[in-house]
Structures are given as C-alpha cells and as structure tokens.
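Right, one structure below, let's go through it.
Chain nomenclature is as follows: A, B, C and D, assigned in order of appearance, with residue numbering initiated at 1 for each chain independently.
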C-alpha cells in the first residue's frame, strides 16, 4: 500500500501492482481480511489508474466493505484485473463521458488512448451536491476534462450529452456514470455512433461461475442475460437490452 | 495500546486502562473490531497485570480470535473488568499455584497480596514441552516463583502440589492452571485448607444473561450450575461439584 | 451500519409502537433467555418491554457444559432451559419491575401443563402478556417439539387461551414449518406470533473428532432466514409479529419492521453490541427517513 | 483455521474416497451452480469430481437482477437456474472433460420430465452419476418444491431410478424436513444424498424500504445447520452423503466428514477462497492426525 487518501466520503487507494497489466475498464476484487468471514464477499472496484507497476482505486464509501477498505491502516487484498474492458482499436477522435464516482475507470482509459495517439474529449458530470474536496480532486486528476455541473440543466442525465453536441464527430463514445446517464448515452448513440458502456451489477464470484451479475443483452434477437464479470463490465451500447 | 509482545504461540498485550481498577482473578472481554460480525464473540481473558492505569493480558494463540488479537497493528477493544476474582482477606502466608498459560491472573494476585502485606509462595508448573521464549518470560515476570518443570514427576497434575509439601502451613491456596492441576488442588485441599480456584468455561454474554458458562457447584446440597462470568471465574474449592 | 447519532434516542423521534393494545415506548425487547437480572440496567430507556428467560412448571438444572460455541457470524447454544421454576419466579416477580410491560415466556412438557401455567399467571396483573415457547419437547408425543405439527401448536394455544383469555398470547415458533404453524396458532386464538427461535445446528470439534455441541443457531447468521419467515407469515396472518433472529443494529430493526414485524427482540446481538446503540441507530434511521416507528412496520 | 502447509496437497497424503463405486482422488467437488466453464482451471488437481450447474429440459433465461446479495458470513442468491438446456449441454459435454468423474445435476417441472432427462443421460458413458435437484418447483403440484413432501421425493427418485438404473443417483435435498425426505429418497432407490441446498432467505433494502432479494442463503453462515442435517441423516440412512453448505476451509471439510459425509461440495466458499487452499489445509489436517480421508468419514 503506497497511499490512502480521503475526499469526504470518497477514497483513493494506491498500491504496488506487480501482477498483470490492466486494460482500461477492467476491475479488481478487493477486501481487507482473509481471517474474517464477514463482510463475506470482496468488493468489485474499477481499476482507476495504472502506471509503473502502481495501481489505484477510486471509490465512494457506501457501506461496510468500502468503509473497511478506506480505513487507515487496513490491509488490502486485491485480485484481478478482471473482466472485459474498453476496446480502443480505432485511431481517431473519441469522447469520454463520465459522472459521479463512476469516472473512476476513465483515468486509465484516457492514459491508454493517449499512448495509442487517439485524441479524446472528456466530459465529466459534477453533481451539484458534490463535496468541495471531491470536485477539487476531479479537476486536478482530469486536467483536460470539461466539467459539467449538473445544476446547469433540468435533466442531469442528459447534461453531459448536451454539452457534447454533435455525436457524429466522434469515432466512438466511452461512458461510465450514473445509470440514467448511461441509458441516455445508449439511446443517443443508437445508429449514429459506436458507444461502449461500463456497467455495474452486484457480484459474488467475479469469474463467471455464479451467474449473479446478470446484464440483459440481445443474443441472436432474444433478450438474454450476460455476466458483467466475464462478458463485461464494459458492453457495446447496441447489445444492451435495457 | 502500549505494547504487543510475542513468545512463540503466546502473546502479551499492554494498554492504558483509565477504567475501573480490576481485582485479581477478574477477566475482560476482548475483540479487535466492531465492524465485522465474524469472529462473532469477544474473547474472555484474565487480567494479567494492572498498575498505574496500565492493564495487560497474557494469552495463548489458540484459534482465530486470539490470532487476530495478537496480530501486529490490530485494534483492541476491551470491556470489563468482569466477574468475581480471588478474595484475599486473611493476612497470613498463602500459596499461589499456577500452570501453563493459566498463570496469567497470578501476576496481579501476587502484586495485590504484596500490597496487603500477605506473604506468598508461588509455584508455577512449566510443561516439559514449553518453548524456550515462554519459559524465559515466565521466570522473568515471576522472579520470586519456584518453577516446577513437569517432567520432574510422572503425574504432572500433582507436580506443583508435591513441591508444595505440607498444605496446612498455608492460610489459603490460590490456583490457576490446567484442569487436571485444579482438580488435584481441589481434592488435596478438601477439609485441610481453604482454596480458591480460577476456572474457565466458554462464554458468550459475560454478564450473566445467557447461562452459557455453566460450572457445576453444590447449592444447598444439590448439584446445580453456577455462571463463571458472574459467580466466578474464581470459586472456593469446596463449592465445586466436579 | 448506520452511524451513531449525536442525539440519544427517543427525544426527537417517535419510537412508540402498540402490541395487542400494550403500548411499547420502543419496538425493542430482549429475546427470551438473553437478558438476566444481573444485566437489567441495559434495559432501562432502551427496551419497550421486559421478557425474562423461559419459565417451566418445575425448576430445571439445565444441560452440562459446554453450552455455547461460536459459529460464523453467530453462536450455537444448548442451555437446556435452566430456570428456577414458576413458583420461585412468581415470588421474585418484582425483580423484573423496571417500569416496562412484562412479557412472560413459558414452556412445559405437556399441553395441560402449559394451560395450568397460564391459569396461574392469570392472577398476576403485573404480567402484561405471555409468550409460549413451543420449541420445547412434547413428552406426550415422544419428545417431538410442540411446533413440529400445526395440530399440536393449535392444541397448546387453544388450551392456554382458554385458561388465560384476558392477556395477549404470543406463540413463539421455529423456522421449520413456520407458515403452517403460524396460521394454526392464529386460528387457535394466538393474539400474536414471535418468529423465530434458534435453528437446529451442530458444532463439530475437528481436533477431538467429536460432536462439540448440538443446539440452536442464532445471531446475524440467521437474519436472512428470520426475515424470510417474518415476511412470509406477515402475508397470511392478521395479528402482530415480533421478529427475532440476528438483530445486531438499528438498520436490522428497520429491516424486520419493513418485512412485517411490529416489534423485535434482540438476543445474541446484545452479547456483542449495546442494545442502546441499536436503538440510537434505529432512531437515527427514522429521523433520516422522517418516519415514526409505527409507520414503518409492514411497509411492504 | 488451520495454517497453510508447506507441502502441496496430495503428494504425501491419501485423499482418495469412494462414492458409490466412483473413485474420487479428493473428497472435494464443486457445488452445483458455483463453478462455470470459465473457471475450470480451479478444478484441476483440487476436485475429485466435476459437477456443472443444474441443467433443465429446456433453456432457462434465469431471473432478472439483482440475483445476489451479501449476508452476514454468507450470501443470498436467486439465479433462477439460468442454463442452456439439456440438448445444448450434451452437445458441449466435452467442455467439462477435465479428467474427473462427471456428475450431472438436473431439475425439471414434473416427475415425467425428471425421468425423461435420466433416460437421455443413460446413453452418455462419460456421465458418472446424476444429482437430482429436488429444490425446484413442482408445476404439477402448484409450484410446491419436489422436496416439500417425502412422497414426491420418493416419486421422482423411483421414476429416475427406473429410467437410469445403471448410474448412481444422488438426491439433493433442502434442510426443511431433511430427515424424512432422506429416508424416503433412499427407500425409493437413491444411491446417495446431497445435503443441503440453500436455505430460503430474504434480504431487505432498508434505504429503499423494499424487498431487495428473495432467495437462498449459503456460505459459512449455514455451516452449523448443514452439519446438523448431515449428522442426523447419517444416523438413519445407509448410503453415502455428500455434505454441502458453508465449507470455506480444510477444517470445515474435516468437520463434515466427521459428522458423516463421504465427500463434500464447495459453493459460496469458493467465491472467497481458493479451493486449492482448502484442500491443502485438509491434507495438512489429515497429516497432523495421521489419517487417510476415507478413515475420517462417519468418525462419530
């Protein structure tokens, strides 16, 4: 563990990661103890950033699991990286759309797009209610991003999209934010621009075994359930059957 | 927490204790977390020593609970002191008999007898199998004690008693050791000298509510169950119905 | 878990609930067998009713140790209903006088004994209600528990209602067959139900390679099972339900009331956390959600 | 929990057990529905048999999310038997070929369908044994579970035994009524029993004041309940018992075998710890106690 920062009810953990290099959009399973059987399950968290064998996680303190993870002096046990992340193959202008704590995976995504020489515009929603420390941290860690305060619009879910303007300018959209924002992006992108969407669903095994993390998708015309932990957490917008 | 020492599979914890002053033979309930529901129950541990608002516990690492308590950096949550300890009213020569990790409460007992000006002989059994570090620690923390290595005799449970010689020399015996030793002391003292015996039984509530820590005793001629956490853990030998 | 509020419970929040016409200042009470005289101070200002350990017609010595063992997020116990017997209990009844409605939990070997105990209790105005512990063996039926079949449940309840018509009667059931038993109890005249008693369990000592303890599981481990029982039963009965099993926080109290309980009992949880903290957390939950306790129960 | 040994499991310890004539290299196998193709590598060198998720006659989409929730020392799930259906399953049967005896878990809406599935499986030499998941709703009996009554348990088992006499048949039961159901299953021709399936449970979302999930509880929380079921049933049946419910360590494996199990299945525990570690711990336990796995089962 190299650093543990707190911004109000958000936390950032940095640690050495000699293991497999993560793709943007992949996640890890994190817990604080193996001695205790409670909390029982590790917590899924997106890889926020990775460079020089250092990995970081950015999360909101929601309940006991994240509370323990954010606790000063707590051990950190991480497995991963897991799942299917963002696919960044086509080399043109792309847009990153984020909101709330879900901006987490976009840091590493921006970094690897950079490396691939893909230009990207980043738009991050900042909820009107966001604490000072949090807003400050966002603008600092996403210096090139356009921040979109959601009081700006009557419909927060569309705030970022409105700001984005003409979608066709972009080769693809990469979105990670509140569910409302994600479904807005899904609808807006349909038939106009390819979009990839980072989803979350409660997880248990994180290896495809339990079928707990069901995401409704279109499979050969039918509405079926895919598993966020192996077929996701990032899905092409067009397959989602929301 | 002021100090945490390890001797092989034994541990000594020292911490500031602004709370109630403990009697010798009383115990505390100790745990490492309130966030986690597992391990569920706090662990009962005798007060090993207390002076200048500093309390200490001496215990053997048996399972998860004691393992967590001995862990470097672990939090320590203590409630107590609890129960009925040794009654040290009569001011003459007394004997302290201990064995194994159960010597724990005898440190504070020796200290308070000293304070009351009661002279005491201390005999502590050291199992042949005891690790070096442990034996060293015992002789250091009980400097005036006579150490009785149990290989010395064929019947370890009587080793300390044999060494003690004539029981009538003593106003009372105070014993805390392996169950075999305690029952030997019980039998030997019967009708000859008053003896007080520190017992252990699995506990849950530690406040008399659950009736879990049952100790068979004689109550008006009948064999009934007393509760180690409130009527004990120290019992007069003559009431025990073993 | 909800954070501990600055304010102490009650002063700003309406925690009161009504249980068969008995007003409770808070929906919390001790689970039978988990609060002894020695710990009564924990009840004051926290619990809405008092409930001593189950009493039997004659004194019982209880089971030999070990009587308790730890389990993942819970514990297993086999106390064996150690108690002084009904007569001694009634002599010392005032010991339980802490200004709270007094619920008395009873158990017996036979239907007639249950009825006789109720008849004896009828004379005591200080007794607000009676809880029938139906998880004890029915000697007349080869030691099968009274709650093993709806028929025996109905038999006991009807007999007790007849000898004690004037006091609310709560039938305490186990999880096995709980829905059928609950319906039977209500039809036989039970005014309310207490759900649930411990779940049959076993603890094995791997070191000694033997059974360490055969008893009942309780504590947070069983909370999801108890919530299910409360929820399913609340859908088929009219009377109030006292939820018990795994409560260790104020949020747990809220969950039980949302699932259909009117009041709750705290057992093993009170061995590891202060009931006062649970009540404070529950009060904080009500304030955050701008609700009164009685509005919460049966929310779904 | 037992410390992790230096030696890796197996090399010095005799872990082999026999299950109805099927030799298992270790007594561990996956619990139905908790090991998917994607995680097969965890099985190699650890499990003594393979057991895929329950298959049904036709494909099933499963339940809408949420499907899982955490519970104290456990989890609640309601997957809804999502699976590709028997025919697709049989087409891809070789996917499960990892050099281990293959157990197939089946479920159906009706007795006749159970029997038809067994008939279909009879043709597959690669299938070593069949596990009947009797915790699914019996459509012909108003959705009541097949294991709700001993009569239906016997009916299904007898029908399956008739269409699949040559392969060992395991009846998987829930905790409710387990002893009576186990006896019925054995008398109807079951070669062995798998005890137990998840325990009906409910998770409430206090923030939203709604039912979050209605499903089955599993994980360490239910271990004492499962051990009790294995213990009680082992006293009244002849055939071998596969113990499942709450296993998360090698010591747990030992406890189940001591209580009467011949083999064990690991479900939720495999989501939080490596089965390999559990096997190493179990091997260490056997070495410390100078025992072979087969000597341990039914020690008491």
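Going forward, contacts are C-beta pairs under 8 Å (C-beta built on N, C-alpha and C of every residue); 3 or more make two chains touch, one makes a residue touch a chain.
No experiment lies behind these values; they were computed from the predicted model shown.
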Between B-D and A-D, the pair joined by more C-beta contacts: A-D
Distance between chain centroids, defined by C-alpha means - subunit B, subunit C (Å): 36
Intercentroid distance (Cα basis), subunit C paired with subunit A, Å: 46
Multi-chain contact sites of subunit D, meaning residues that touch two or more partners: 1, 71-74, 219-220
Set of subunit A residues in contact with two or more other chains: 35, 37-39, 64
Chain-level touch network, classified as line, ring, star, complete or other: complete
Complex interface listing, subunit A residues touching subunit B: 33, 35-39, 64, 67-68, 73
Interface residues, subunit D side, partner subunit A - complex: 1, 33-39, 42, 53, 61-75, 77, 79, 82, 219-220, 248, 268, 270-273
Residue ranges of subunit C in contact with subunit D within the complex: 71-74, 76, 176-177, 199-204, 206, 209-211, 214, 217, 219-225, 227-228, 231, 246, 251, 254-255, 258-259, 285, 289, 296, 299-300
Subunit B - residues contacting subunit C, complex: 31, 34-35, 37-42, 65, 201-216, 223-225, 230
Touching residues (chain side subunit C, partner subunit A) in the complex: 1, 72-73, 220
